[in-house]
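Two complexes come next, and they have one chain in common, chain A, joined by chain B in the first and chain C in the second.
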Partner chain A sequence: MAKIGIIGYGITPFTKDDKKIESILLDSAKELFKNNQKINRDDIDAVLVSTNNNSKYLSPILSEMAGIQPKIAHSIENLCNSGTNSIVSAYSYIASGLADLVLVTGAERYDSPGSVLDWDNSRGEYKHPIFWASLFAKSYKREFNISDEQLALVSVKNHKQAKENPNALSNKTYTIEDVMNSKKITEDLRLLDCSRSCTGSSSIILGSEEKVKELSENPVWITGIGQKTTSAGFTKNTSFSSMESTKQACETALKMSKKNIENVNVAEIHDAFSVCEPMALESLGFINEGHGMDIIKELHLTNNFKINPRGGLIGCGHPLGATGIAQTIEITQQLQSNANKRQVDDANVGLIHNMSAAATSSTVLVLEK
Partner chain B sequence: MSFETKLKEGIFCIPECNECKKIVWPPAEFCNHCFGIVSLKEGDFEAKIIEFSSKNEQYFCIVEFEKTFRIIATISKTPNIGQSVKISKCGISDGNYFFVVI
Partner chain C sequence: MAKIGIIGYGITPFTKDDKKIESILLDSAKELFKNNQKINRDDIDAVLVSTNNNSKYLSPILSEMAGIQPKIAHSIENLCNSGTNSIVSAYSYIASGLADLVLVTGAERYDSPGSVLDWDNSRGEYKHPIFWASLFAKSYKREFNISDEQLALVSVKNHKQAKENPNALSNKTYTIEDVMNSKKITEDLRLLDCSRSCTGSSSIILGSEEKVKELSENPVWITGIGQKTTSAGFTKNTSFSSMESTKQACETALKMSKKNIENVNVAEIHDAFSVCEPMALESLGFINEGHGMDIIKELHLTNNFKINPRGGLIGCGHPLGATGIAQTIEITQQLQSNANKRQVDDANVGLIHNMSAAATSSTVLVLEK
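Right, the complex of A and B next:
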């Protein structure tokens, strides 16, 4: 199997700025080339854009704005896990020999049309993600006897961690009381239980083994990839208290990397809503079903940033097309011991979990140094 | 006549394949199992509540028909898991399907 790694990255702060998608895309690509001056833009074989924005021809536009003339240029959209889908596509281009160096840039505006899946008419008038998340929360709480106060700890922990991340949308810490007293959106979710749509951009450059050795002094390798799509419609989920696509994607990724979940030292988890974090931890195999909150509580009390060190989607904001790439950048920084106050001790193996539309689709990546 | 045409008239139908007799959900012209032609079954179908929550004191619930497919519907009274319900009103409003169960 070919070795494929991460050579460099660029990320800019997630905001509520009202900017054109083309400018947002360029923001993190500029940052990437500023941070990695050994990369010759003439050598880039492919430019992949991850976004839910409806604008056309964004990859050729980004390429032109960044002075790149790639062989391959196109966009990739898969709702909230567009970012990791783009990374998997970049990996595949390199593994196939069609490319040696691939730029992947994700970007979204705060008003992204990707938040709502219009096609899913089985949801009736309840198409906004808040409704599937409320049903997940209700089901999870009932099945495992978990309270709203217990789930509120996810938001408390992730906002605390986001405060150490200069690119996060949130810069505040909250108590459980703050979460409980925040605006009640539904019977089962409050405002601070939710990640927020925002404007953001993140870029990453992947290369073949030869390119990684030539261009990176501190390489990080993608050693495991797992993906699974169980359906497009939320109502086809077999469970509302666990994530079947995540289970299958994780099994595949760990098998490819020849690792066990116990080997993972740091992980980015797709906490679109507070209930998603314990559900994902259980579906990834970190702990048995119903006990995800035990890990979260222990990590919070010991100030251990192992899960969602950058602050998760709840703390960072969720610019859909940029999220999976931002998660991958965080794990790269962790493995390079370059995560400043968020640094997790002895980070050798990292995992990224990025999902779409109520976990109907999941991607899991394993990274190693 | 299509599922949507019937729904616009306030009639909820179950789409079923003429060939393999499987229910095809979401509604489609052809069966996603054998690509047979799908026809619509009318009736007073019973469903079971699988899960529910509420927003602004308005309950919404996932209901399951014939142990096969599910929709999200509005219900006015406090729901219970496993409760049997039937569609009392349905249609299309502002481009979105809507379902009400009792």
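Right, the complex of A and C next:
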């Protein structure tokens, strides 16, 4: 299979700003071009926009604003994993020979229509993602005898890590007590257990092997890709204590990259809600079912940023279409030893886990330097 | 480059029905599976949804309804050429090795939000596509000394051809006088010069060479792909009498397929408005600038369905996300000698032209049997 890599990236702070989606998109693309002055915009073959925003024709609009006249231009949407879907699509355009250089830009406003799962009328008014997350939390706690206090550590750890990320929505740190005392939203989840919708943008540029060698001094390669959709409605999930689509996606990605999960030195995990982090660690194969919190506790005690170094969705905020790209940027920075105070030791192999709607679909990427 | 082909298709009548987008999507997918019983849904690696509808997560929803658990699942939007963008994306997933079998389903409701070009505030209230089309018509008529009566023939011809298409929105035929007497909407365009928004769905399934040989007795191959975006706002167009993005996309597609425009036996042209058909014929290289109507006149007189055999957008209606896929289905049927009364003689090489927003972006595909 063709060798395809990451040439550069740009990212903006995640905020609650009320800006037009077109401006938000442009912000991180401008940042990317500022960071990578060797890239000639005339060489960009495709511009893919990742968003849940309802505006149309955003790729040609971004292209025009950024001074690009691409061959391929369109938007991609799949709720919360739109970003990694766009990266995989970019990969396929390059691997197919239709493109050599692809810009992927994700952006969202704080009031994204993707924040409500509007289609599932069987759930009546319970359309906010917090309702599937509550079901997950209840099931996971019951099955593995885990308490709310234990799960609260995910938020404590990720906020601590987000403090070292200048682009994170939150720069506050919290104690277990703070999480437990934060507003109770459902029987099983409190405010600080949740990632928050926000305004943000992230851009990445992928290239063929030749382009990567020409334009990057510190290349990072996409060596594994796995994706799986099991259903759309979470009530079709076979388990509420594990993530079937994540298991399958991870298996495919590791097989493609010829790696084992033990080889992964740093990972971005889709912690939309606190319970998602231990569940995902288990479904990815880092540890046996029911023991995800053991990893999180150990890492927190030793101040090791291996899991969600940028602060996760809980610490960074979750601008849906930008999240998967921001996760990929973090792993790229880690593999380039360019993550400042968030840097993980010996980061050679990184993994990204990005999912939608109660893990009914998942993407897993493996990156290597 | 890998050999990738069309294994099967399904299409629904284009109507003014008020149905949910999920049901509309499913309609043509069901049709596809009914027509192609050898396809095992477990073998489908990707489900791509082409639409301008604001609903989210439509690919997993369609997948669940259709009994598919794909690896890759997302929506694609680029206004009126969302359909061919989705087909090219499917092609790239297969050519890259990430997929062997890809379902592409396009659907739209009659009240699609893609029917209004909402982003271009510089145009004040003039946001309906008819305003760029009027500019095109005025410029084209002036530059090449063409009259409204002459352009009206496009609608006459395409409605005549649509009468032989059981899925077309319109089954009426019209005279030049009928077109001229239809409601004048702008100084330069009448009601019958326009394609109409409608409800419709079309599905196509693409496969690797191996899958095509296994599953199709009458394969059609995608041998040429060309795409170009010049801008988003039509006021950036260098000409209002020709289509620059179409020229470049066609050149790329013909080069890839090692064909000349003279080799094309049958073509689907994006006649969103009557003036688009002669302009596109010229920009595609079928004839010199200013002479597109000569072809249309000749074909109409000889009752030759070579251009827009299914009746074009004007005769069929224009369900945005479904159009490019419906065009591709028509060319597939033509190359399979399966187009009934619409059949063109010696159809060996077919071309599809699908564009968005005043031809600021275009896709051209070449298909061969």
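Just so we're on the same page, the second predicted complex is superposed on the first by the 369 of 369 C-alpha atoms of A that agree within 3 Å, B and C clash if a C-alpha of one lies under 4 Å from a C-alpha of the other, contacts with A are read in each partner's own complex, and residues count from 1 in each chain.
Everything below uses one rule, namely that a residue touches a chain if its C-beta (ideal position, glycine included) is under 8 Å from a C-beta of that chain, and two chains touch if they have at least 3 such contacts.
Keep in mind that what you see is a predicted model, and the values were worked out from it rather than measured.
Enquirer: Which partner, once the models are overlaid, touches more of chain A's residues, chain C or chain B?
Expert: The partner making contact with more of chain A's residues is C.
Enquirer: Output check: A:S59 vs chain B and chain C. Expected answer is one of first, second, both, neither. What do you get?
Expert: second
Enquirer: After superposition on the shared chain, which partner residues are touched by A:T302: those of chain B (first), chain C (second), both, or neither?
Expert: neither
Enquirer: I'd like to know which partner A:T235 touches here: chain B for first, chain C for second, both or neither.
Expert: first
Enquirer: Name the contact category of A:S361: first (chain B only), second (chain C only), both, or neither.
Expert: Touch status of A:S361: second partner only.
Enquirer: So, A:N145: does it touch chain B (first), chain C (second), both, or neither?
Expert: A:N145 sits against neither chain B nor chain C.
Enquirer: Once chain A of both complexes is superposed, is A:A137 in touch with chain B (first), chain C (second), both, or neither?
Expert: After superposition on chain A, A:A137 lies in contact with chain B alone.
Enquirer: Classify the contacts of A:N288 with the two partner chains as first (chain B alone), second (chain C alone), both, or neither.
Expert: After superposition on chain A, A:N288 lies in contact with neither partner.
Enquirer: Using the superposition on chain A as set up above, list the residues of chain A that contact both chain B and chain C.
Expert: In the superposed arrangement, which is not itself an observed complex, chain A uses residues 118, 233, 236 for both chain B and chain C.
Enquirer: Which chain A residues qualify as touching chain B in the complex?
Expert: 118, 120-127, 130-131, 134-135, 137-139, 142, 185-188, 233, 235-236, 240
Enquirer: Quick one: which bits of chain B touch chain A in the complex? Just the residue numbers, please.
Expert: 25-26, 50-55, 60, 62, 69-74, 81, 93, 95-99
Enquirer: Okay, in this complex, where on chain C does chain A touch?
Expert: So the residues of chain C in touch with chain A come to 1-2, 22, 47, 52, 54-57, 59-61, 63-64, 69-79, 82, 85, 88-89, 91-98, 113-114, 117-119, 225-233, 236, 249, 252, 356-357, 360-361.
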